[in-house]
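All chains are identified by letter, namely A, B, C and D, in their written order; residue positions are counted from 1 within each chain.
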Amino acid sequence: MEALKIAVIGGGSTYTPELIEGFIRYYDELPVTQITLMDISTERLKIVGDLVQRMLGDLPVKLVRTTNREEAITGAHFVVTQMRIGGLAARALDEQIPMKHGVLGQETTGPGGFAKALRTVPVMLDVARDVARFAPDAWLVNFTNPAGLVVEAVMRHTNVKVMGLCNVPINMQLSVADCLNVAPERVELQYVGLNHLSWAKVLVDGRDVTREVLETQWGSSGGEVNGDYLRALGLLPNYYLRYFVHPDHVLREQLTTEETRAEYLQGVENELLEMYSDPNLKEKPALLETRGGAHYSTSAVRLIRAIAQDRREVHIVNVRNGHSIPDLPQDAVVEVSAVIGKSGAHPLANGSLPPAIRGLTQAVKAYEELTIEAAVTGDENTAKMALFTHPLVPSWDIATALWNDIKAANKAYLPQFKG
Amino acid sequence: MEALKIAVIGGGSTYTPELIEGFIRYYDELPVTQITLMDISTERLKIVGDLVQRMLGDLPVKLVRTTNREEAITGAHFVVTQMRIGGLAARALDEQIPMKHGVLGQETTGPGGFAKALRTVPVMLDVARDVARFAPDAWLVNFTNPAGLVVEAVMRHTNVKVMGLCNVPINMQLSVADCLNVAPERVELQYVGLNHLSWAKVLVDGRDVTREVLETQWGSSGGEVNGDYLRALGLLPNYYLRYFVHPDHVLREQLTTEETRAEYLQGVENELLEMYSDPNLKEKPALLETRGGAHYSTSAVRLIRAIAQDRREVHIVNVRNGHSIPDLPQDAVVEVSAVIGKSGAHPLANGSLPPAIRGLTQAVKAYEELTIEAAVTGDENTAKMALFTHPLVPSWDIATALWNDIKAANKAYLPQFKG
Amino acid sequence: MEALKIAVIGGGSTYTPELIEGFIRYYDELPVTQITLMDISTERLKIVGDLVQRMLGDLPVKLVRTTNREEAITGAHFVVTQMRIGGLAARALDEQIPMKHGVLGQETTGPGGFAKALRTVPVMLDVARDVARFAPDAWLVNFTNPAGLVVEAVMRHTNVKVMGLCNVPINMQLSVADCLNVAPERVELQYVGLNHLSWAKVLVDGRDVTREVLETQWGSSGGEVNGDYLRALGLLPNYYLRYFVHPDHVLREQLTTEETRAEYLQGVENELLEMYSDPNLKEKPALLETRGGAHYSTSAVRLIRAIAQDRREVHIVNVRNGHSIPDLPQDAVVEVSAVIGKSGAHPLANGSLPPAIRGLTQAVKAYEELTIEAAVTGDENTAKMALFTHPLVPSWDIATALWNDIKAANKAYLPQFKG
Amino acid sequence: MEALKIAVIGGGSTYTPELIEGFIRYYDELPVTQITLMDISTERLKIVGDLVQRMLGDLPVKLVRTTNREEAITGAHFVVTQMRIGGLAARALDEQIPMKHGVLGQETTGPGGFAKALRTVPVMLDVARDVARFAPDAWLVNFTNPAGLVVEAVMRHTNVKVMGLCNVPINMQLSVADCLNVAPERVELQYVGLNHLSWAKVLVDGRDVTREVLETQWGSSGGEVNGDYLRALGLLPNYYLRYFVHPDHVLREQLTTEETRAEYLQGVENELLEMYSDPNLKEKPALLETRGGAHYSTSAVRLIRAIAQDRREVHIVNVRNGHSIPDLPQDAVVEVSAVIGKSGAHPLANGSLPPAIRGLTQAVKAYEELTIEAAVTGDENTAKMALFTHPLVPSWDIATALWNDIKAANKAYLPQFKG
């Protein structure tokens, strides 16, 4: 049996049991030989690691825990990144600060995602450089949000082999299959866009059934996006599109809700850690699903399997654009269908986007490009310009005010901005 | 002397004396032999035409007035379009309706420009088809706003020879020259974008002086755009950019001003018509400048001269993109430098836009493309989608509400929307 | 069991038993319910059809023979085209005429392929139009040479669902696997170019082993292309590349050989038909392999299976370029890896070609584009220009002389050229 | 009066009086203050420099002669390069060697041009690096052949401001004007391609008269290209196109001519130098025209004037492609219309080439790209591949044989090939 070592950076996350559950479920097809959980918190490594050990039971999988990144990465075939710089406390600020300025607060979209990107990109580049040094043949599989932007930063600034993964595509496929009452394998998504800003045509047995899906309950609620809009559009949306289609609703909801999502999740997290500490717990608790990571493990393990076994099958991933979507720069990272094997991700040639989605996608990509530049250079003008170019930021004055608050609140995590 | 006939569609406009003044000023270099003013209002033709006749004085220029478009166009070498469908009354609604929904009201930018486009495109296509029938070799020179969108509609739906002209480029050149105290000819604008959404680098004697200009009074006030933003950007803006950079300021101004710009201009227009009726007036009155058409005639007459005399010199015009700006569709109309001669407008190859202006330009172009489609097809979903894709429209609900009000208010001018 | 009907246009070909053998071999996985052989020769239908019937034995596959194309196509799910307009007699002329002018004679490359294209395109367009009328949902799978050019003609002039298939890719994969002593599935070809003008990198388990393959016996003989050239190039060639790399050797061979390939194949064909007539023969005879169709049936049946069963797996096919190879026009047909399912062929985004193969590929594609135009319009200037632009035609005078001879010799098959 | 210093690298060339004659003719409009002739031959500097001094007469132009490149370049506003590495002796070999292998021998096209490029590129890069050090604001104006390839090498490997100039465009314009009996200014060339591989549409007063020109004596002889071919093409050719259209004729001519062009020119050159030595000669002798540099000085001086005076007028130059011809790489150098001023050359956006010229242009550009790579790296495989990709080289064997002979014959000038 061939060795297959997985390093999980941010392995102390409460998500980890979800990922492990996937490796266990697919063990027969993909026998992992070692899993290394790396985290900066020894306490987390203890609690989460103990649960993982109990979950693994008798499987011949070696479990290693470490706070040393070099140790974790050395010898790994896959380095999985699922970090959250600043933890849920920083996320809470990402959600609260924009609201002060009349802009919706969200983890990955808008000014919240911008702040998260500035905190995350430098750490991800450090991880990527460690991969280049200690495991140059390994694949970096990134789950850290904003997943597409982070992958683009790694691609622009290192030579590491990297792809990004999100669970939105698999959830879209499964929910559509459920809604149409067909097997998921029969559902083909012709999927284009960016991470958390994507659209799909749906085909079943090669026939375009997008309009039919939009007429079902999926169209009215599944995407949380206005049905009239969707029918005018004729495409299935990533549900993050609601932040662009209904920022007014979302902001109103947020302003009238007692706790932010981060605060709510803080409670869930505490509850999860308590559960995990129970020495009788030997599987992923159902509560974990509410954190939003549904089917992550399926998607992740299948992707790793496709690479490890050189399957050359189609997955939807975050990958360098090239000419896949000719309306976007070649160096942009996009979320599209790609053929996945040992030689990497080869995106399909998708052709141009229709105008109803083209301008928005291009505008957000320009924002991402500037945000990466700001995160890497620490240039404040670039940071303000990045915020201003985001479609949810309505004016330069608000961009400036947001920047001042974000900089102050994230001081500990933004050493690149010395000004 | 060769015949040179100019037909002015919308010749009863109070702008007409500005245009005529240009033909008179350049008469020695470009001896026009006939000017035909065509308008739907006989009253306007009388007042404006009489003034024009007095302005022309002894020049051997034949002046014709007509309400018959075929008569006006037949035999023309240049057909100049300066129409305002619905007049200033419709413009007042374009400015007022958006404000009701918390969106700034403006003649050419945002929902106001959208409504104007829907009214204007069908009429412009009728004019273009008349040019194709009655003067197929003539050049259609369009001043009608939204000037770029209207030219794109004509190019997508007819084979007429057309270019669009705006006075923003010449004003930028003259004001920068003034500010730097150099002769205007020494100022080179490296100018890219769309009509009313454009940017320039400034060179004097081949040296980039953009940053120096931004540090002058031009940078602080000339463009009416925030100086910090401009310094972060490093480019000179079209002053219409203020609607995108400071929509909040503009809306506040508009909400606290007693009359809209259209209402103000209605007053100016009445005053102008009264002046024009004075049989002693023999020149363009100074008051006309306040309508915003400064240097229009210079720009227009020089452009016509460049075509008529095959000068192959550089002008900034609205022209089919091709690969001039590779970030935009080939069939898009863009406002860029082009070599102008008898064979038409040949745009320069500009290369890609920097991300700080790329996304916004692409988003507005996608909006323009959908607006043309809506104007031509009369499809309501496309109309709503066009509004939604405009960067100043913050949500689908507001797009829908705007559409309902615009449709109701413009009923008389939107026969294509039968639903 | 679902119905699956295959119509074979040119079903009287001596190749047909090869194709049928594939359907039989894959019957368990792809149970075909009906095969219709259509041909213009009743004699061929009798001989070949009788053998096919004996080969099918007890399999529940209905065999139909007809000279009526409408009957064959109606109800078909796949229409397979394997015609040879003018038969081997015309091929013999394609091989002989160029030699008279010092140019190598070959069935699909150079002036011979040009003549074949002019004969074939109009008939293929007729077939395609019949598919559009009588089986609009069917897939047209073309084997007729020149396979890429013919598919491009169909795509430019009809809306039929079509892809083209060649056995070079499968043979390259199998021979490389053999040479490296690995299972064929482990061999990944990163394959780009045109039909009969293509190159590949070879990967095994994701690792680039191209240089290693070029050092084996494959590199020295498998491709029939000079080893120094291949090592300078660093890519595996389609063996048709020998006509471009060594036209001098090939011409010398041809001039010193007593019979052309067509004449040799005429002998083989007669022998085959005699064998087929033997009522005791119940399988494809080994002699058929010598005709050059090795593994055709495997490739064809797997492709049909991928479509019919919506497998979305990677095959190398002839497909519309779009932006797959950005150095070639979007409407060009290219031979590249594509994801194949019920919704068709979705090519991968390959990126630009290296200069060592870029210019030749672009030159041949320009030739193909002109040849299609000549075949469709019957314009003689375009025909001569097409010949002249072919890299193997050394001058305009020779292009002209070739055209005169080709036109005269193919008179019966080129009704579009009336001049 | 502003200083304007011109440095001429290769100033001892017998062409120099042609260039000087231009500066004298345009002196009133472009008052040059200093001309520095730099050459490696003191003898040439003496003879040519003395003549130049006599030609300048009383004009207040300082003439400097030097063998020191640093001295020549320091302080220059324009550095003009007109070198011939290896002199006419090397050119004679460029013409003779290909003929031995049945390929036409020509100074800039085919294997001859390849050898010249390998000798020239390293020296040009040295000159360009000197310009970068000693006159970083100067413009490098290159006349050295192969002019486009050499400029591309400089652009790919230095940051110097450079453009390339050829006298073919001005000769085409003047000869067409003569043929049509119109003033040259009325002739507009819509000109695309590469140096010595270009085509044009001709317009007079904006009307396309290309077909009319092709029917005149110009069409039958002016271009030295077969009239049937030109009529099929519908474009005016650069006369170097004859080497691609009629390589058979040219080779036959060359094989039956007693002396090569280089040998003939050697005689002319000796005669010229003798004339130049006559202290009574004070102007360019008529014999100089026969060397093929007709109108070079007009073209060169006008170009320098356009830059020096920031005229922003259209010239046809060799410039970085960008998206000017979208069928060619962005980093390619092309010969197209560009707006010329102090900020450099801004090419027009030309759109795609028609297939009849597209493939050939792309093939030659791929050859040029490989040749530059070979010249810079000294890699023999790249050199052979470059030769093989040239459309006039018929096979790999001939490419190899040519390479061996070129390498041996040019040993003294190809230090980069150490193998």
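To be clear about the criterion, contacts are C-beta pairs under 8 Å (C-beta built on N, C-alpha and C of every residue); 3 or more make two chains touch, one makes a residue touch a chain.
Model, not experiment: these values are computed from the prediction.
Counted as hops between touching chains, the shortest connection from chain B to chain C is 2. Taking each chain's centre as the mean of its C-alpha atoms, the one that lies farthest from the centre of chain C is B. Spacing of chain A relative to chain B, judged by their CA centroids, is 45 angstrom.
None of the residues of chain A touches two or more other chains.
Chain contacts in this assembly form a single closed ring in which each chain touches exactly two others.
Inter-chain contacts, as defined above, occur between A-B, A-C, B-D, C-D. On the chain D side of its complex with chain B, the touching residues are 186, 188, 190, 203, 205-208, 307, 310, 312-314, 322-324, 326, 337, 339, 341-344, 346-351. Chain contact summary for the complex, chain D toward chain C: residues 226, 228-229, 231-233, 245-249, 327, 329, 352, 355-356, 358-360, 362-367, 369-370, 373, 381-382, 384-385, 388-389, 391, 394-398, 400.
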